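So that you can tell them apart, the chains are marked A, B, C, D and E in the order they are listed, and the count of residues begins at 1 in each.
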Amino acid sequence: MLTKYIFVPAAAAFAAYILNKKNKKAGATITALVSAYLLLSLALIYGSWELNQSFNLSLMGYQLEFLMALTPLSWLFAVLTSAISLLIAVFSIDSQADFKFSSVFNLNFLLVIGSIMGVLFARDFLTLFIFWELMTWTSFYLISSGKKKMAGRAAYRYLILSAAAAYSFLMAVIFIFQQTGSFAFEPAAEFLLNNSAPQSILLLLAISLPFWVKAGIFPLHVWVKDAHGNAPKEFSPFLSGMLLKVGFYGLIVVFHQLSFFKIIENTIAYRGLPLLSYLFALLGAVTIITGTILAIRQEDMKKLIAYSSISQMGYIIIGIAIATPLGFSGSMLHLMNHLIFKSTIFLALAAVIYRTGTTKMYEVGGLIFRMPLTFAAYLTAIIALAGIPPTNGFISKWVIYQALIEKGYLFLALAAFFGSIASFMYVFKPLSTVFLGQLKPQHQEIKEVPLLMKIPMLILIGVIVLFGVFPGIQMNIISQISGDLGIETVNYSLYSIQGAFGAWNSLYIFNVFAAGFVIALLVFGLAKKSKLVGLLDTYSSGEYVTDAESYHYAYQYYRPFDRLFDNLAAKSLTGFYETLTANLLKSGESFRRIFAAGRVQNYALYSVLLFVILAAVGWII
Amino acid sequence: MLNFLEEWSFFGGSILLIFIGLYGVLSRKNMIKILISLGLMDTGVNLLLVALGYVEAANAPIINSVNPSNAAAFVDPIPQALVLTSIVIGTAVLALGLALVMKIYDKYSTLNISEIRGLKW
Amino acid sequence: MPLISSFLILIMLAAAAAALAFDDLLSSIIAAGLVSLTAAVLFYFLKAPDVAMTEAAIGAGLTTAIFVLALFKTERGKSE
Amino acid sequence: MKFRNLIALVITAAFALIILQAFTITPAAGEITLNEFGKADINNRTAQLYLNKSVNTDNKKVIYQESKNLESGSANIVTSVVANYRSFDTLGEITVLFLAAAGIGVVLNLENSKKKKFAADDSSLILNTGIKLLFPLLLLAGTYIFVYGHLSPGGGFQGGAVIATAFLLKMLSDNKFEIKEISITLVESTAGISFVGLGLYGLVTRGSFLENFMATGTVGQLFSAGIIPLIYIAIAFKVGAELTNIVKNLIEA
Amino acid sequence: MVNLTLIIALPLLMAFTMPIFKMLNSKLPKFIALLTTAFNLIVLSSNFTEIMAAPLILELGGWQAPFAINLYVGPLALVAAFLINGSAFILSIYNLSQDYQFDDKFYLLFLMITAGASGMVMTGDLFNLFVFIEITSIAAYSLTTFAGGSSYEASFKYLIIGGVGSVFLLLGIGFTYSAVGSLNLAEIAASAGLINPLLLQITALLFLIGIGIEAELFPLNFWVPDIYTEAPTAVSGIMSGAVSAAGIYALARIFFTLFPAQQFFNYLLVIGVITLIMGELIAYQQENIKRMLAYSSLAQMGLIVTVISLGTEAAVKAGLFQLINHSILKVLLFISAGVLISAAGSKKIKDLAGLGTKKPTAAFGFTIAAMGILGVPFLNGFISKFMIISSSLNADQFLITFLILAAALIEIAYYLKVVQKLYFEDLEIEVKNTAVITVPVILLTLLIIGLGVYPQLIAEPLEKAAAEILNNSRYIMTVLGGI
């Protein structure tokens, strides 16, 4: 019974709101319990793809039927949502101690989970739209409960952009409803297939607009930085982990289930791929490049990681757009892996913020001594993000490279390489500024985060390595999905994936790394211990240093590199949107000045004028 | 010929009166003059309404000793009833308008409407 | 009868134009009163005695009185 | 001539021309247009039914002092329209005057403002003595007008206005003449209640609001025309009280 | 069963006796107003099933229907009357906690503006419509002045425009009567076809201007922002909730029954769209919260006129549902805004920052109503927005649909600015204590969510109302049936 996945979180949300008023920890525990329950029940129904449910309603003369069904794709996303929300809920039990809006946070968090479930299981446009709107509204409230003024503006911009996209979705969907008489996907798909190609493409693009916005692809990525940067520290992992992915769920539905690829098959091709999908891939590449460059410039750690999410999304869209078996499974792999390592990074940063209270990298330093586990979690996550072998990040990037090289798209491959190489830079920046270097005097007595916040980080580190070594687990479900969507599957085994130019055996590599690690441990153990030196006992060529001044170099870490792209970053896209809306609304101002000049005689004059004009118009016709 | 003159004087006259009243409302600066023109417009419309109901060589719609039976030709009574009501409504609105003018005068101590810009927006 | 009514209408229009043109408010109020009065007589010519009485009593009488009262409570009160 | 006034003149002129055009249309076959002046064809208008008093009954002849128990019974047809056929309009109209009086009372917020009497110096001798003479006559004329409303031209509105003018002159002439607010509101309310009460009584007995529930007697007699005289008496008191109230408020503002 | 004329007669009786009630006990007028509006609602619901079956003709004065004034109460009139008396009832609950300087005169005028609006909606006679429009307008002129300050100027401006409008209306009535010979809407509609097209056009335009002022159409609605801002909260509520609904009804009745030519609907369509876009754009600029609500409500009126003038049954149904939703939401918005303003002591939006915690009911009321207007699922606004878009797409008006959606976007922008200020910014000013409005807020929220989750509640009356207004020959038959 699929509606339980929506109503259980919704009911729990109101319970969490009331209970949290009394005890700050109650809300987060309820969220954790609900997500665990969802995870369990999803695991039980794995494989029963025929599970569906529909109820129809004659509303105001419209015969509407709301369909819900379980597909492998929606099952995977549902599992990912409930898993990540479970981990975040456990993490936020303690971290919300000082959070003013914690009861509103838990209410909206559970509602977001419920509405995402609704979006995933919807098989008709109306249910999809209703839950999509609910998801947007509740996540709007979540984001605006973050840092005071900036969170409000960020959430405001996010909502306006998603609302505009949702309205284009509504318009296209109702147009289809008029032609086919129902909102379900299947009749719409076959109506679009045998409809005139340009109109179908236009309709499908209008339908996919909200998904592009939510996925944060290049022209529409403006909201991501501010929303992630200013959202409450517990919601950022979910926002960049899961919410961005729901956009991709929609895109896959549009590309495959609404037969977008079948429609554009016979349009003009470019190097063996329909022009439109090559354009999407190009957009992905541009997103990677801009995301990476802008990430390097950031001084606020959450904004930096937000831009890195944007650039990682570029990889996924490239994989989906080229629609080869390797490409599709690569992007699905990267989608899952990005969720895992990105939420680890955000949880680690949340731990740092929980302890130090600041998100600016240059205000902290040398936390490795006080918070070793957070450092370890952060380190494994950025190794995965950069794509170094033993972790899961490497596998998905490797598969995407294979797909690109197999089709011979050099520019896209180049952009992908640039993305992963440059990611070393922006990934290393928080590592060195936050964790390495000297510990600031005021952070001397910082302790490690409490146990309940350690557990999610430990689990995630384990999963990163687990999927790094045994990608087969992920490939099982991905092959189910590609079978369901009609894409041939890549042959794989528990620990190896067959690429275009040879297989990748992760177990063998893991053994080599493990051996290397052991040797390094031995050398470290046996060799002479280095003398522990006080951090602030700095020596600088004879000059006598009196105060505890730290030589920890953290501000504008990559200044020379940033100077290369100064002019590019200046023309940021948000500026373009800002000016666009500003002078649209300024016309309202001039409208008011012309007409509502405050003189009652002008008002009376306009009414007589209307009479004369309409009489003249009537007389001419 | 006389009838033509009469027709044009009544219809034309009342419409001209409406025109003068409307022009007065739109152009005059003084608030009391605006209300006067509003009154003129009302009178003009009332005149037009009754003129529309006039019948040549018919007598007033009252049965009395002079024309005892309803067989005689009468003028249309309905516009007269409507005008009766509309005159009183016009006066009521004007009286309220004048009270408002007096109140506004207490605040701005001027009757010139362009100097009363309290409600800019 | 028709000649007189056309003549009266001319007077009425002249009085209306005068009501707008006069600078002194009191004289324009009196001109407006004249317009109502001529209208009352015209209603009589249109065989509408009820309306004529109403127009005379309320239109010419009370409205003009109210205007004069309002005038003396605002502008004219000031100038004295 | 300021530029703004010029535009206003042009637009109002255009408006007047369009309205004039409505009178100069030459009707094509079978089309309805406005009739010329004096040519209003009464017979296919509802007015014909009011003249023959044949809305519910198909009565043909109405003879002065002879026809009895007609459906409306008032000799003055305009009064029958105002107080009987379309008495709902008149009720609405009375409310407009009532609301205007209330509105003026609020705007000039009389109750707490100091009683600023009309600043005119005590008026000339002729005015005082003239009004002392005229006051009772005016009241008498007013009463005559509304009592004979259904027989001769006149009625509630005109009678009320004359009474109000009488009080206006009285108030103008001597400052010490003071009408207490309570008395005006009492007269106003009782008159209003009686008018609506008549309507409700008609609703209760005859089934529709403001229906005439009394015998209509013979046309032309004083005691004829059912509830029309009662309505006109109520209207006269109400209009008289309200107009006096308005004038009193303006004087004492 | 209970005769529907009581809805106008009883408030009239209460209004006339209000001064006497005041003398008996100074608290009485408040409760009299509440009881009368409650009684009106009971009378309306007692006639509900009967009117759903067939429209009701009530002859006034006992005269045969078309030859004197008769009230025509069809499903549309019933829905509108429910709306008017419903918002009056809720606002009189709100008034229990308010006190006004001349409270007997206030409640007398408040009852009369409701009775005037109900009269406008139920009358079947043209001149009667004019009289009721005058009653509503003069009540509005006087009610606005209760707030003192610059409300006198606003009221004076509205009086001038109302005066010009009534002249247009009287001219229109004069032309119609002397052309057709009757004042009854059905008789005029019966022979409207024979009227010379030029005369028909001039008369229709006269009515368009005359009633357009009440229906807040574009060049005629400049009085709206001044009045809604300066008037006391209850008056702005009743004006935007009830009187504008009556104005729209009158416009629809006149143009669907008397002048059903497509040309006039094109005029209304264009004027409606301009009102919508202009209203939304200017509302975005406002800093004064009541003025923002005023422009938003005149924009919504533009939207309703646009959708109704599309002329298809689905469009009229969507327009009516939007009218109902708009009245409910606007009454709640004005009540909550009223409390927030008196709490912050200023009408500026920036001074309302952080009131969410201090005034939870008012802030919640404002937010749920804003969500309703913006079309959040499971609230009533969503259903009517969905119906509007599908009906305008059905009439393949792509540009109109695009403009409606763009206007909805601007609407989201300025409502959200206020909601965010309420909840997510800190409080700078000390909060004055204000009236308790829990009852109206709860009642209206239940209505909003109820209609949102289960709109079938009013599906049947809406369908009947849309069918009834569109087919004027049935209107003529029912009234002239006898003859």
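Definition applied: a contact is a pair of C-beta atoms (placed from the backbone, for glycine too) under 8 Å apart; a residue touches a chain by one contact, two chains touch by 3 or more.
This is a predicted model, so every value here is computed, not measured.
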| item | value |
| --- | --- |
| Minimal step count in the chain contact network, chain B to chain C | 1 |
| If a chain touches chain B and chain D alike, it appears here | A, C, E |
| Chain nearest the global centroid, as defined over all protein CA atoms shown | E |
| Between A-D and C-D, the pair joined by more C-beta contacts | C-D |
| Distance from the mean Cα position of chain D to that of chain A, given in whole angstrom | 75 |
| Mean-CA-position distance for chain E and chain A (Å) | 45 |
| Centre-to-centre distance between chain E and chain B (centres being mean Cα positions), rounded to whole Å | 29 |
| Inter-chain centre distance, chain A versus chain B - centres from mean C-alpha coordinates, in Å | 70 |
| Where chain D touches two or more other chains at once, by residue number | 8, 11-12, 15, 18-19, 34, 40, 45-47, 76, 78, 86, 89, 92-93, 96, 99-100, 103, 107, 153, 155, 157, 246, 250, 253 |
| Touching two or more other chains - residue numbers and ranges from chain E | 127, 131, 134, 138, 141-142, 145, 152, 156-157, 160, 164, 171, 178, 183, 202, 225 |
| Residues of chain A whose C-beta touches two or more other chains | 592, 596, 600-601, 604-605, 608-609, 611, 615 |
| Chains grouped in pairs wherever the two touch, ordered by label | A-B, A-D, A-E, B-C, B-D, B-E, C-D, D-E |
| Chain D partner contacts - residues on chain B that touch it in the complex | 3, 6-7, 10-12, 15-16, 18-19, 22-23, 26-27, 51-56, 60-65, 68-71, 73-78, 80-82, 84-85, 88-89, 92-93, 95-96, 98-100, 102-103 |
| Complex contact set, residues of chain C against chain B | 2-3, 5-6, 9-10, 12-13, 16-17, 19-20, 25, 28-29, 32, 35-36, 39, 42-43, 46-51, 54-55, 58-59, 62-63, 66-67, 69-71, 73-75, 78 |
| Partner chain D, residues of chain E touching it in the complex | 3, 5-6, 9, 12-13, 15-17, 19-20, 58-64, 66-69, 101-102, 105-106, 108-109, 112, 119, 127-128, 131-132, 134-135, 138-139, 141-142, 145-146, 152, 171, 175, 178-184, 187, 191, 194-196, 198-199, 202-203 |
| Footprint of chain E on chain B - complex, ascending | 18, 21-22, 25, 31, 34, 38, 41-42, 45, 48-49, 52-53, 78-79, 82, 85-86, 89, 92-93, 96-97, 100-101, 103-104, 107, 116, 118-119, 121 |
| Touching residues on chain A, where the partner in the complex is chain B | 592, 596, 598-601, 604-605, 608 |
